[in-house]
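Some structures to go through are shown next.
In the two complexes below, subunit A is the common chain; its partner is subunit B in one and subunit C in the other.
Take a look at the complex of A and B:
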């Protein structure tokens, strides 16, 4: 028995400070991403979620350039970009996607410039690599309180706006008729989304940020109808995938071909995707996802 | 700026702009901005994989772009489209992270695959690019009417016997082909900017599909040419000028549309006005 345990949990796993920080930060980020992700999927804003992570990277590389803590660059630029997206965005989903794309294009252009300056002036070739993929095992221990503080803030915003957000996501017109400030709620939600993804993009990379935002939430929405439950299930899936991914990455240190560890992001992405595919097996998830898709389908049938 | 070694650059940039303008018109019309972003960015993982096993970059890009396109189409049929796109993108990038961690010397090339290296185009790269580009344009020309139909009025097209899902697959494959052609030269991010911004801008100026497509190509060409010139003068990356220039053009277009007070242009697909009038 102890032999199997020893094989699963490589010696030194629990003693390593880097792994401890990764588990803490990864867990906090996963809970927040999973929760916010349910609203993102219901509102059909996966693209915005992904774009904000990429645009946050612009802020990160900009802050890097002027010697500021990248965290503030990430969060600041992502929140500003979210504001622009919401103010440009038309209410039709197609127009909204276009506005997101334009902001993303401009953000990536600026990122190209910042990274160019970073690499020519301060000689940091790894910058583009770190910004894209992040590296969970080299998170600075001092960012832990900041990450947890922001996580609590985002969760508080979601809890406070929960009912209004849900109503304005599912039935914008009904919400407006009931006196919900739809536009304001949308901006508040997008700001929360921006903080979430920029936080996760900075700590675990833009790739994992999108994976944890969309994957667990889409899986959870296939499993349960009730948004509250979906949020809990989604957060649980996200945390499980993250921790299992960390464990596997730590174990993979002795795997072929290179003997230096496979990336965490690979494992987490595969786990998240496998969970999503499992809900698509025949006989599971008979219901349709809420939101625009089901509306479109009913209209087609009518 | 127009010296011998720059000829390839101008040629490659112009070809990319034409293809991006045409394909981008449909990407914007169909609301597929996310797909236009996901396929090029995800495909770059294929280049990393190809480098790992010693295959050609364009082959790796092509395989991953095609796999990504088919994956998005397959998943999108069973779930929400944006979720399918996001998941396909992260799976491809996750694989990319794995490939990159396994190869040692590849890291410097990432930057150029993401942000482009248009000033290093060799004569040998122009040939395959031109072939793929012509294929894309031919595919769009053949599919033009049904593609337009399903993009604007999916329900009516379905009723008239056009298979919406098949058209979606065709469109995704065209995006994949355009991607494999352009990413080695201009980079994933630039390709995305060139597909979205000019086409989005063109829609602020005209309602007619062919005019919008032509305008989209013209704006893409103007953006790229100005960007190449500016990048040549300043040594700053091309992606910066294309990305920011595209956003500026879009902003101008929106300002113009608002000035004219043509609400229909902004909120309705091009032929929508005709349909509601009739």
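Take a look at the complex of A and C:
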């Protein structure tokens, strides 16, 4: 029994400061990503979420270049990009898509430049890997309070705008007619989304942050039909995947044949994807209530 | 089915007083005037592009009028009016949306408020009562995205009514419904107007499904409108004047067809024509 436990929790796991930080930061980020992810999927803004993370990478890599904590670079640039997207994209879905794509393209161009400089000038060869694919075990301990602070901010925004966001996701005019400042609520939400993906870019990387944003949410939407529950389930899935990912990554340092360790982000993404696949097994997922037979197809005979 | 109500002496709920709207140089609405009283069901009839949705947006204060005023219960309409319930056009909810029918109705009660909703028995009673009133209690806990078009329409009507408005606006509520659902929704709306003493304004491109229940018709064409009872408005000379082209009004088995006269290009009212013809089959 203790042998199995020793095998699951390899020696040094609980004593490691790096693992402690990873568990704390990863957990906070997973809760935020899972919660915001549900709103993102309902509002159909997954593309915006992915774009914000990639654009945030511009800030992250820029921050690396000047020796700043990359989190500030991520958050700063992502929030500005969110503002630009909202002001350009207005209300048409296609306009929104276009604005997102244009901001994304411009941002990635700059990120390419910064990452090139990061690796050639500053000699921080790990910058590209860290910014794009994350590495939870090298997060600086001083980042923890900042991450917790941002997480609390995002959750506060979600709680504050919860009903207005749901109402405007039914139909923007429905919300506007009730006196909801739809535009302002949309900007608030996008700012929260920008901070969210910046946080997860810090942990599992800019490129993979979409997995943590959309995956648990999509899984939760298949398991529950209430918005509040969906957020709770989604957050729980995200936390489980992240912590389990940390555990597996730590253990993987002892795995044969290389004993070199696998990246955390890989495990997190695989676990999130596995959870989603599980909801597609026969017998799971939302059931369709047997409704009355539609008359549409029998109109001719009527 | 409840028939048209006798001419009503209820309070005037909606007064449209010379509303004109011009968007980028094009006249969308031109001096529209009509009023609806409490307990009345009115049909806003016109083909696509006649200005129905624009008129709704003006009443909802989502669109500013170039000239004219909207009066709600005798007073100029303020920006945030609790007096108006609204069911927008063509909402088809995604099957994945994690909301039950009762969640959608509850959003009609307090969806504009900040914060998370608190569980309360009073709130639940209100929502249940409204779901019952529209005949949706049976699928109150079903995912809205899994309901049929007619069932979703009932839920959205409950959503619009739960805050006890005095005016209910429905933008093309019968579009995309099968014949049975269409009839059920029409009966429901007529019953609500009578029982709850509210004014109901329904836009539609085909007047026929509404004929048995309409107290008043507002016929919209090219941004201009005539209003009155069906017998007053749907006449050849009145509509020819409105369309500025000769049109014929034909009554066949209790249905009304408005068809372009000999000189009229067929594109004048293709919607009305095509749809009515289908209904004859």
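One rule holds for everything that comes next: the second predicted complex is superposed on the first by the 275 of 302 C-alpha atoms of A that agree within 3 Å, B and C clash if a C-alpha of one lies under 4 Å from a C-alpha of the other, contacts with A are read in each partner's own complex, and residues count from 1 in each chain.
Everything below uses one rule, namely that contacts are C-beta pairs under 8 Å (C-beta built on N, C-alpha and C of every residue); 3 or more make two chains touch, one makes a residue touch a chain.
As the structure is a prediction and not an experimental result, all values here were calculated from the model.
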In the superposed arrangement, does A:26 touch subunit B (first), subunit C (second), both or neither? neither
Under the stated touch criterion, which partner chain does A:159 make contact with: subunit B (first), subunit C (second), both, or neither? second
Subunit A residues touched - subunit C or subunit B, whichever exceeds: B
If you stack the two complexes on chain A, which partner ends up touching A:188: first (subunit B), second (subunit C), both, or neither? neither
Looking at the overlay, what does A:216 touch: subunit B (first), subunit C (second), both, or neither? neither
Would you check which partner chain A:73 touches, where first means subunit B only, second means subunit C only, and both and neither mean what they say? neither
Would you sort A:41 into first (subunit B), second (subunit C), both or neither based on which partner it touches? both
After the superposition on A, what does A:174 contact: first (subunit B), second (subunit C), both or neither? second
Of the two partner chains, subunit B (first) and subunit C (second), which one does A:56 touch, if any: first, second, both, or neither? neither
Taking the contacts subunit A makes with subunit B in one complex and with subunit C in the other, which residues are shared? 41, 222, 289, 291, 299-300
Tell me, which parts of subunit B touch subunit A in their complex? 28, 30-34, 36-37, 78-80, 82-83, 85-87, 89-91, 93-95, 97-98, 100-102, 107-108, 110-111, 114-115, 155, 158, 189, 192-193, 196-197, 200, 236-247, 250, 254, 266-267, 269
Which residues of subunit A touch subunit C once you look at their complex with the stated criterion? 38, 41-42, 159-164, 166-167, 169-171, 173-180, 220-222, 224-230, 286, 288-289, 291-292, 294-296, 299-300, 302
Sites on subunit C touched by subunit A in the complex: 57, 60-62, 79-80, 84, 86, 88, 91, 93, 95-100, 103-104, 107, 110-117, 139, 141-143, 146-148, 151, 159, 178-181, 281
Touching subunit B in the complex, subunit A uses residues 41, 44-47, 49-51, 88, 90, 92-95, 97-98, 100-113, 115-116, 119, 125-126, 128-129, 132-133, 207-208, 210-211, 213-215, 218, 222, 257-258, 260-263, 265-266, 268-270, 272-273, 276, 280, 289, 291, 293, 299-300
